[in-house]
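Report on the structure given below.
Chain lettering (A, B and C) follows the sequence in which the chains are written, and residue indices restart at 1 in each chain.
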Amino acid sequence: MKEPKALLDYARSWPLRLWMGAVGLFLYLPLAVLIVMSFNDSRRTTKWQGFTFDWYGKVFQDTELMGALGNSLTIAAFSTVISLILGTLAAIALWRFRFPGRTLVDGSFSLPIVVPEICMGVALLIFFARILPWPGGMVWPLSLGAIIISHVAFSFPFVAVVVRARLESFDRSMEEAARDLGASEWQALRDVVVPHLQPALLAGALLAFTLSLDDFVITFFTAGPDTVTFPVKVYSMVRFSVSPKVNAISTLLLVFTVLLTFIALRLQAKAEAEKS
Amino acid sequence: MTQPAAKPVIIEFRNITKRFGPVVAVDNVSLAITEGEFFALLGPSGCGKTTLLRMLAGFETPTSGQILIDGKDITREPPNKRPVNMVFQNYAVFPHLSVRHNIEYGLKMEGVGADERRDRAEAALSLVQLEGYGERMPDQLSGGQRQRVALARAIVKRPRVLLLDEPLSALDAKLREELRFEMSALQDKLGITFVMVTHDQDEALALASRCAVMHKGSLMQVATPADLYEFPATRLVADFIGSVNLFEGRVLAEEADHAEIELPELGIKAWLDHGTGSSETLQIWLALRPEKVELHKRSNGEGPPTLEGTPAGYNVVKGTILDIAYLGSESVFDIRLEAPEGREPKRIRVIRPNLTRWDQEDFTWDENVWVGWHAEGAHVLLA
Amino acid sequence: MQGEIDWKRSKSGLAGLLGPPLFWFILFFAVPMAVVWAYSFGTNVGIADIEISGTFANYARVLEPLYLGILAKSLAFAALATLICLVVGFPVALAISFAPPGLKTWLLIGVMLPFWTNLLIRTYALIALLRDEGLINQSLSLAFGWAGFEPMQMMNTNFAVMVGLVYVHLPFTVLPLYAALDRLDRSLLEASLDLGAGHLRTIWNIVIPLAGVGIASAVLLTFIPVLGSYLQPDLLGGPDSQMIANVIERQFKRANDWPFGAALAFMLMYLTFFGIALQSLLKKKERTE
């Protein structure tokens, strides 16, 4: 027997279903078209000409594109690790300590989140051009340093927000119990607080990684000619022409991000389940 | 058991079942409530009482069955089309509206004109003793006052039935007692049928004219508060309403005006002043409320006491006091009863009112006593 | 708050925790921003040299009709995109907040997934839909070709920019709206229905006033990023759909007028700060409520 619809279950009323369907179509149709077209055996038109894997083959032969992708993944990896450390330290410091100027520091750390990317981009452009030039001709991956530094600067506050939110749900009497049982302040932090943070660390890492991989505007301003990242490369390809190769590489990146998101959600759900 | 005579039925549940996924919250409940009753749905949390009330209000739709109000099927009517109004457990007073606008809200939805709204809101406010509070915002009110606003907001619509979801559970004990009396008086004054959900048996016994005890989605017993307490139908009801001592038994002799029961756990026989309605082979349970049990001295070799309406040798057993809890108005005794050879000794709970200031000193720890009860003190349960 | 440690009791502890992030923040965010701010009061002397002369000339240029027009257009674009996001997103947020738990998780993931995918790719994906030989024009000419349908030009128009802005920022609206609606006490909605209001009247009389602060917050959280958008006008728009970010970019990458670019960037910053101030005011109001 079909269950009667609950009173406030608006998601099951048909006008809203229609609305949600339309919004879903709006959000996903462009991506779906992109994926389908990456298998289209035609250079120019959007008409379906037959199925092919050619574009994927071409993507892997394009050394410039693969180099850019390698740069992006490397930058994202470094940026994630550093952002995770800095963000967690900031969150714990702001949560644990009462000190003069805390509100100011707290507010300042959220600035990189809200400041328009273009402003931060030009600021870092000037900074690395005039104030602290990143030495040229360094070996890879040190040559990516300026970009990594920039990515950390806007990523770690996001990590701090996520970790902070998790800390709010921490029962401080747990830490007090650890202290009561003989743990030092640092031991209590390590043994009780950090394990509680695990799901937030995972979420923060995922966030930092995607933010870095995603960033175009700030990188656009800090990248040099030999430190092209994946979004910058794709941007120049898109500017130049619509190429099915871009469809193929975009599809690959989409699949990668979706997988990453689901793995993170899974792990998070598992961590939550173990806790409760 | 008594039914208020000649009053028409106002609410009727017919074979109501409600499932939430695999969980059966309400299981084939049929129930009729008559006009002017103060009806209580009583049971532990998760027994389905709130779901039943919410189906009556229209917040949930039954999986199967029908709900009728005044003979009209309203099972699938939306809540805003039903002649019932609810006082929510957390009151659900709209925080962004003043007290007056809260009370007028329902009238506005009916399309009642501004002048009439004002008058009726004013009358409702005075009915719940909140005159002059109309312009206050809900966050300026105490819990008790908010409860009154919720009450006024519901009764101002002159519903056929007023629904109360755990109306007093969020208040402290003193206030609760005060509001209990007020609510009773209000119901008398308005003559509206009240249906209340509560897990608090004191609340149900004190307020309701009739109670339904629910357990795991089913109705266990529907009766007046006194009948529920004195004549519970099952061990479950007996145990849920107040506390009770239960002993396994078997009927030895069954007459219209008395019965003789063997209690193998205690090695004694019990005498009842009425027939049990049971056949002689079935297992029954003897239910003894703690306040209906007497204690008598045995420490100096006194013989068994004589008990009202009871032949000698019945309804009396030897015991030893294990623990005493002095509660001021009464004392509660935990007593170990002597058991026949090879049986675990049973314990019994006895409540003794402290009628004078020295009564609490009558008995002491580890004292040997006689435990007995009158022929009309015990009740037989068949299930 | 209880359990917090006064910094005097553990100076080294605080320094060890707060030092590294604070260092990074100051050197790689605060200093660069301060330099841009200083440049906004500077003059070009020679090709690569900029003198911080304390001039307001750059800001005066921002107020010239051309740039004021672009600023006004950016604000108008952002306002319209935010409004569309709100109208489109509110029912979605409402449905998600009151969906049963299992479905709710999936719907939330559904809204957030585009948010996690690459911004550039999402903007690019729209091109395939909107261009002259794109999917929309093709389907329309397939359906109405007999009636002499001619492909519409959608790419490189303000329309395409608007579609792009809404497409990219819709999750920014839905998520805070969802958070605000999800906090609502369901029994308030039930009480309204119980008192005789229908669903629409309940939404209008109870849900919207109670979620008012959350709605305002969602508006700002959408408006601020839309205002600074660079990619959508750049890739989807035509010559007349430039927003302020595109003008800033031009000053730095092509026109090479850094002081003026810095002044423009800080105009955008001032507007953003105004938005943030409004947002924190709302937050405070929400807390006191």
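Rule of thumb we're sticking to: a contact is a pair of C-beta atoms (placed from the backbone, for glycine too) under 8 Å apart; a residue touches a chain by one contact, two chains touch by 3 or more.
From a predicted model like this one, the values you see are computed outputs, not experimental measurements.
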Reference chain A; chain at largest CA-centroid distance: B
Top chain pair, ranked by number of contacting C-beta pairs: A-C
Rounded Å distance, chain A centre to chain C centre (Cα mean): 17
Length of the line joining the C-alpha centres of chain B and chain C, rounded to whole Å: 57
Of all residues in chain C, the ones touching two or more other chains: 190, 193
Sites on chain B at which at least two other chains make contact: 58-59, 78-79
Where chain A touches two or more other chains, by residue: 6-7
Touching residues on chain B, where the partner in the complex is chain A: 19, 58-64, 76, 78-79
Sites on chain A touched by chain B in the complex: 1, 3-7
Interface residues, chain A side, partner chain C - complex: 6-11, 16, 19-20, 23-24, 26-31, 33-34, 37, 45-47, 85-87, 89-90, 92-100, 105, 108-109, 111-112, 114-120, 122-127, 130-131, 149-150, 152-154, 156-157, 160, 172, 175-176, 185, 210, 213-214, 216-217, 221, 231, 234-235, 238-239, 242, 246-247, 250, 253-254, 257-258, 261, 265
Interface residues, chain C side, partner chain A - complex: 1-7, 10, 13-14, 17-18, 20-22, 24-25, 28-33, 35-36, 39, 88-89, 91-92, 94-96, 98-100, 103, 107, 109-111, 113-114, 116-122, 124-129, 131, 133-135, 138, 167, 170, 186, 189-190, 193, 199, 224-225, 227-228, 230-231, 235, 245, 248-249, 252, 258, 261-262, 265-266, 268-269, 272, 276
List of chain B residues in touch with chain C within their complex: 57-59, 78-80, 84-86, 88-90, 92, 94-96, 105-106, 109-110, 153-154, 157
